[in-house]
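Read from first to last, the chains carry the letters A, B and C; within each, the first residue is number 1.
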Amino acid sequence: MKNTQNSLGAYLKKHWKTVVFLVLVLIGIGIADQFVNSFMRRLLNLSAIYTIVALSMNLVNGFTGQFSLGQAGFMAIGAYTVAIFTVPVGLRSTIFYLAPMAPLLANIQLPFVVALILGGFLSAGVAFLIGSPCLRLRGDYLAIATLGFSEIIRIIFTNTQTITNGALGIKSIPTISSLWWTFGIALIVIIACFLLINSSYGRAFKSVREDEIAAEAMGVSLFKTKMTSFLISAFFTGIGGGLYAALLGTVDPKQFYFTLTYNFLLIIVLGGMGSISGTIIASFVVTLGQEALRFLDEPMAFGLDLPIFRPGLRMVVFSFLLMVVVLFYRKGLMGTNELTWNFIANKYRSIKSRFTKKAASAQGGDSK
Amino acid sequence: MVVGMTLSTFLQQLINGLSLGSLYALIAIGYTMVYGILKLINFAHGDIFMMAAYFAYFGISVFFLPWYVTFIITILLTMLLGAGIERMAYRPLREAPKTSLLISAIGVSFLLENLATYLFSGKPQAFPEFPVMTTPIFVGGLSIQPVSIVIPIVAFFLMTVLLFIINKTKVGMAMRAVSVDYDTAKLMGIKIDNVISSTFAIGSGLAAVGALLWCMKYPSVLPLMGVVPGLKCFIAAVIGGIGNVKGAVLGGLILGFSEVLMVAFFPSLTGYRDAVAFIILIIILLFLPNGILGKKQVEKV
Amino acid sequence: MSLLKTENVIMQFGGVIAVNDLNIDIKKGELAALIGPNGAGKTTAFNVITGVYTPTSGKVLFSPTDNGGVASEIDISGKRPDKITGLGIARTFQNIRLFSDLSVLENVLIATHLNINYSFLSAILRMPKARNGEREAKEKCEFLLERMGLIDLKDEKASSLPYGQQRHLEIARALATNPQLLLLDEPAAGMNPQETDELTDLIFKLKTDFDLTIFMIEHHMDLVMEISDHIYVLDFGCTIAKGNPNEIQNDPKVIEAYLGVDEDVED
């Protein structure tokens, strides 16, 4: 007992900055939850969900070095699980008006948390089926195969009328509005990813990314390692999808078109493939940025009737941004670094020294 | 499940399969050539195909050019577009990790789709009709659109020309050399950049022809029209053995026939039509990871 | 007692026979060397033993000793590399293959992954078992880095190390897998005579301290002749001679292969 107290004390002493930071974040969420308007609330919720999904994607793409493009499909599984199991039984006949819901499912209603976790597990289950053949493939084939599977999932959901209501989608999903759901789960996912990456499993992920042949020679099972990363990623993505459904209150197959995956790709490329903190920052920047740039789609931006502002410009700007990042800032915001206290201190020092140097040379110039 | 099918409907389906398969083959060649040389899935290829359709649409319906002028301009513009994309988005990443190149390709694809949506609106545009091509003719009880016959003929003519270029000309020899060993080819004084540019130009040119024929058969042009054919044609290239032009043709035909015949035999599965390609892909990769005509690759340790 | 035996191993790539009828027999506790001109198939032989390639025909028999001290013979041909490493064969690479973006310590820690006994869930939840496992792995790796003279560099990026130290790190990494047989692929390549001497001493010490059997490919003949108990000579995939250093030095076939009748001299 004494030992654990000691180690707790030592832990707090060593990581007090992090602990204080986390407490501040929690207080911040609490304050935001009380005061923000519904528009901002929705955006913040969306940012947190994007953080969850993008981080999961980074686990596979950034840390394990496997190029998977299946995020939209795994999100769809989580989202539909929440939709199917949380819509009140009484409302179902009005939603499934073309064909009644399958009798097996029609009367099952689960609490939100249970449906959310179930969605995660179903998503991981499908990932296992997809991963078994695909993870043995060479890198770039994996991209196509996972993209294909994500499309197949969408096609299946469009065609299974009695389970997913087909192209009509499912409405009247009980919504969440508190920030605690999304931010709470996002925090859990972030911490889990951080602890995972800094464990033997995380190092195995990175070894596969760095050099598959050397990793195998060191006793790392390629398939098992890739599969572990893929399953954890799919689980969290499913949870993210479930939250997405509960945030929007409605799901339909079109939401999960594979271009949705490109959003997350933009986020992890911008944040840095292989950086948790980079992904978190980029998730918020991209989500809020997409909203902030909405004026680009408005014909009367700046009160001027400029013909260049019309629907679609925003997405052009965003895809252009992705190109700029890939071509000129290949490592993204953080590369494979993390925003640790040391990292910040080093950055601060290097910026400071640059300024003092500049100041010194400027002075030198004066005296001349 | 099998519905009563007469011999003539079966023949008709075969012709449909052949013409769809030939279209896939034309587009798949572009993927396979680029992959052979850069080991890159050119995600933007399907969107280059889409842009070609818009070029043709604008030429005929907006600028009222004669069809043959439009076709030539379309093919040239598309070749330029393909080579231009390589110049701007892929060449700067020649020394970068492969993932960056792949992301750049996805980025170009995303950009072209969004650009087309923005410039031409997301609404489908009607491609001008070619009655000569689409009015069915009757041969021995079969009703056939001439275009369904023209497509395979044009496709096979172009493939013969391409095989000639690859096997008998200097540029073709350079392409083969680069695809076998990039570094040695470079040391041997082959101008890699020119070879890569010509590869992109040829692949895009074939995609442009594919787009023209496609639009005669399915006369509707929209910004996302290249996505699904693009993915399928990449799969066709993988099925045949990526990097191998004949393999791409074979894969395209296999895919075209399977799709048409599945819908013909199992009409209840029509909704899953687009899933066929991916299912074939998985099966092929599990049992023949290098495709039907592909060579085995050994990694040097 | 044999630790590793290959029986009539043939490795063919298309029409090229890289290794032809390889028969080696390495006794427990000895230091064997594999020599031969460039392109003789030495690294291919290593790749067959470590599972990177599945031999076209033939057997690779490995007899590891378990915790109770009992040895049992296993045919490892065609097994996956990570399985073979798990059984007790570790290797280094001729053209250094470190995890270049990771730290020196992380490089060595990765090699302990195969011996962990906790699940990823207990790693995420930092259960006591996982925490103890992490601590023990770290202690072990730091000890190995100390032995290889790399402990002060443990937080550096592997790619930032000078060439010689990268080779040392490769050995440390291989040792972290708890091998019984250590395969060294040209450990002295690119080293100057003084460094080669130091390496010779080091290899000899490691062998006794870690109770290892060592099989190495090497071009530095001084090194090979000084420390090997047994030498195999390969040429064009065939074993042209085997024996102790003295026998090898006087074998006419070896002299011919190295000096050639009308070929250039090997380095």
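The rule is short, and it goes like this: contacts are C-beta pairs under 8 Å (C-beta built on N, C-alpha and C of every residue); 3 or more make two chains touch, one makes a residue touch a chain.
Source: prediction; values computed, not measured.
**Student:** Pick the chain whose C-alpha centre of mass, unweighted, sits closest to the average of all protein C-alpha coordinates shown.
**Tutor:** A
**Student:** Please indicate which chain is farthest from subunit B, where distance is taken between mean Cα coordinates of the chains.
**Tutor:** Looking at centroid distances, C is the chain farthest away.
**Student:** Round to the nearest whole Å and give the separation of the Cα centres of subunit B and subunit C.
**Tutor:** 48
**Student:** For subunit A and subunit B, what's the span in angstrom between their mean Cα positions?
**Tutor:** Those two chain centres are 33 Å apart.
**Student:** List the centre-to-centre spacing of subunit A and subunit C in whole Å, with centres computed as mean CA coordinates.
**Tutor:** Inter-chain centre distance comes to 42 Å.
**Student:** If you look at subunit C, which of its residues touch at least two other chains?
**Tutor:** In subunit C, residues 52, 93 touch at least two other chains, as defined above.
**Student:** At which residue positions does subunit A touch at least two other chains?
**Tutor:** Within subunit A, residues 213 contact more than one other chain.
**Student:** If you look at subunit B, which of its residues touch at least two other chains?
**Tutor:** 301, in rising order.
**Student:** Quick one: which bits of subunit C touch subunit A in the complex? Just the residue numbers, please.
**Tutor:** 50, 52, 80-83, 85-86, 90-91, 93, 97-102, 106, 109-116, 120, 123-126, 130, 133-134, 137, 173-174, 176-177
**Student:** Going by the contact rule set out above, which residues of subunit A touch subunit C in the complex?
**Tutor:** Touching subunit C from subunit A are residues 192, 195-196, 199-201, 203-204, 206-207, 210-211, 213-222, 228, 232, 336.
**Student:** What does subunit B use to touch subunit A in their complex?
**Tutor:** Counting only subunit B, the residues touching subunit A are 39-41, 89, 92-93, 96, 98-100, 102-104, 106-108, 110-111, 113-115, 117-119, 121-122, 231, 234-235, 238, 271-272, 274-275, 277-279, 281-282, 285-286, 289, 299, 301.
**Student:** Mind listing the subunit A positions that touch subunit B in their complex?
**Tutor:** So the residues of subunit A touching subunit B come out as 61, 65, 67, 133-134, 137, 139-141, 143-145, 147-149, 151-152, 155-156, 158-159, 213, 259, 262, 265, 269, 273, 310-313, 315-316, 318-320, 322-323, 326-327, 330.
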